[in-house]
Amino acid sequence: MFKARFRVSWSDTDAAGIVHFSNHFRYVEKAEEELYNSLGFDFVSIFKKYGFALPRVEACCKYYSPLRFNDIIEVRISVEEVREKSLRYKFEIYNVTADKVAAEGHIVAVAADIKRGKSVPLDREFVKRLLKAAGTESEG
Amino acid sequence: MFKARFRVSWSDTDAAGIVHFSNHFRYVEKAEEELYNSLGFDFVSIFKKYGFALPRVEACCKYYSPLRFNDIIEVRISVEEVREKSLRYKFEIYNVTADKVAAEGHIVAVAADIKRGKSVPLDREFVKRLLKAAGTESEG
Amino acid sequence: MFKARFRVSWSDTDAAGIVHFSNHFRYVEKAEEELYNSLGFDFVSIFKKYGFALPRVEACCKYYSPLRFNDIIEVRISVEEVREKSLRYKFEIYNVTADKVAAEGHIVAVAADIKRGKSVPLDREFVKRLLKAAGTESEG
Amino acid sequence: MFKARFRVSWSDTDAAGIVHFSNHFRYVEKAEEELYNSLGFDFVSIFKKYGFALPRVEACCKYYSPLRFNDIIEVRISVEEVREKSLRYKFEIYNVTADKVAAEGHIVAVAADIKRGKSVPLDREFVKRLLKAAGTESEG
């Protein structure tokens, strides 16, 4: 499991006084970015060189309690499943300020050659390091 | 089924040149808002008077093809299930420009008294009109 | 002057119950996009072919009255100044629902060759058509 | 001067591969929030109790160089002017990764009683502490 902490910004909230439900997915992606950064995985240079990206093919979230402005959240993600060309992350958004789980869900991303519009195999070395840092049994 | 058309804005895209996956949920919510507007359902005044809202408790999306800048999309939503205090919408985001389905999924919303932090029964008259406008068998 | 109407979405608001101030700039850009669309100006294909874009080098807004959920707004933009490689738009965001001016400001955009990171001259034919559609003296 | 560091998220970028110009204002507001947090200024409780907020009445930014995905930025804000009911912040967004200034500008915020829709005097103690932490001559 990999963990990353963020603070809820004012611009993340909506007129109900809580974080807009679409932003939970952005928090999860930010945690995923931190995970790659922690691995020295050069997402940007790979994207620039090969037109590579990890577009999402599925994203689901269950919302248990609202997130409010300035709440500290901890996003906990782990790789639930690895296939040849795709990864399935499960995530939990824990509201540290309120001491309760705010949401949980999963995201499936595919390794894609953006320019040719087709999926490609995941790099094995990358997967290995990813599982070490964010496997379901690893400790973040 | 209820249908609403939008155009993809530049600010909806990300560095992969496609719409960021979190924005699909915003498009669906915009269609939901248009649906309520078409019913004369005064979402704002109800929210102001009673602290009422329809927070999401679940949101899922499967992505089939990317949306690009300036694409015309048609969001098709219908009420899949009505419970005492919640609604389940299913949606499809159709890319009119590319003539293909871009995404589909569902959203579950709960009628909530924001101030007291608890769910409340849906108004029956509202549900009736909603099903007429956006039932799974109605034509948008 | 060119005019485009939009409706304020729930996701545009923040916890103060009003549109977040950063979103006014997005509304203005949406109006600019509609202006280009009305001219048959193929922004996307130009971007794809030449790596061309119109990045902003300056953006200013004065806020006079808040925009709320579901308000209908009319964005009025006109080309205030044309230089060899840049355009200055002035804009007004009129709140049709509240019948008052919500904001006004200006945006300066530069014609840029993104790949080489340098500004390039604006196409003269494009400027001519732009001034016809959105000059300070033209009627939208 | 007060300084806060952030990392550019994927969702902050647009199809030109750079941070959308509206997001610079969000970064500045995030730094402002960190400033208030550092002062123990309880923005949320004040908002809840008194309907108090600091809505923006003016926001301007000049863009000097693009921000890209994963760039580390340092937002430097200082209180340029204090009036009875308003504050003027100037800001600089420094791109730490690229070692250059990305943008600079200013924001004017008014102390407002949201419920009655009118401006109110700024708390003197708050201003004093604010100037100590983020005055133009203080060191962040």
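The first chain written gets the first letter, and so on, giving A, B, C and D; residue counts start at 1 in each chain.
The rule is simple: a residue touches a chain if its C-beta (ideal position, glycine included) is under 8 Å from a C-beta of that chain, and two chains touch if they have at least 3 such contacts.
Just so you know, these numbers come straight off a predicted model, no measurement behind them.
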Task: Far-end chain from chain C, centres as C-alpha averages - done: A
Task: B-C or B-D, whichever has more C-beta pairs in contact - done: B-C
TODO: Determine the centre-to-centre distance between chain C and chain D, using the mean Cα coordinates as centres, and give it in whole Å.
DONE: 24
Task: Cα-centroid distance, chain B relative to chain C, in whole angstrom - done: 27
- [ ] Could you give the separation in Å between the centres of chain B and chain D, each centre being the mean of its C-alpha atoms?
- [x] 33
Task: Multi-chain contact sites of chain A, meaning residues that touch two or more partners - done: 10-11, 15, 17-18, 22, 26, 29, 47, 68-69
Task: Residues of chain C touching chain D in the complex - done: 15-18, 21-23, 25-26, 29, 47, 53, 55-64, 66, 114
Task: Partner chain A, residues of chain D touching it in the complex - done: 7, 9-11, 26, 29-30, 33, 37, 43-44, 68-70
Task: Complex contact set, residues of chain D against chain B - done: 10-11, 13-15, 17-18, 20, 22, 68-69
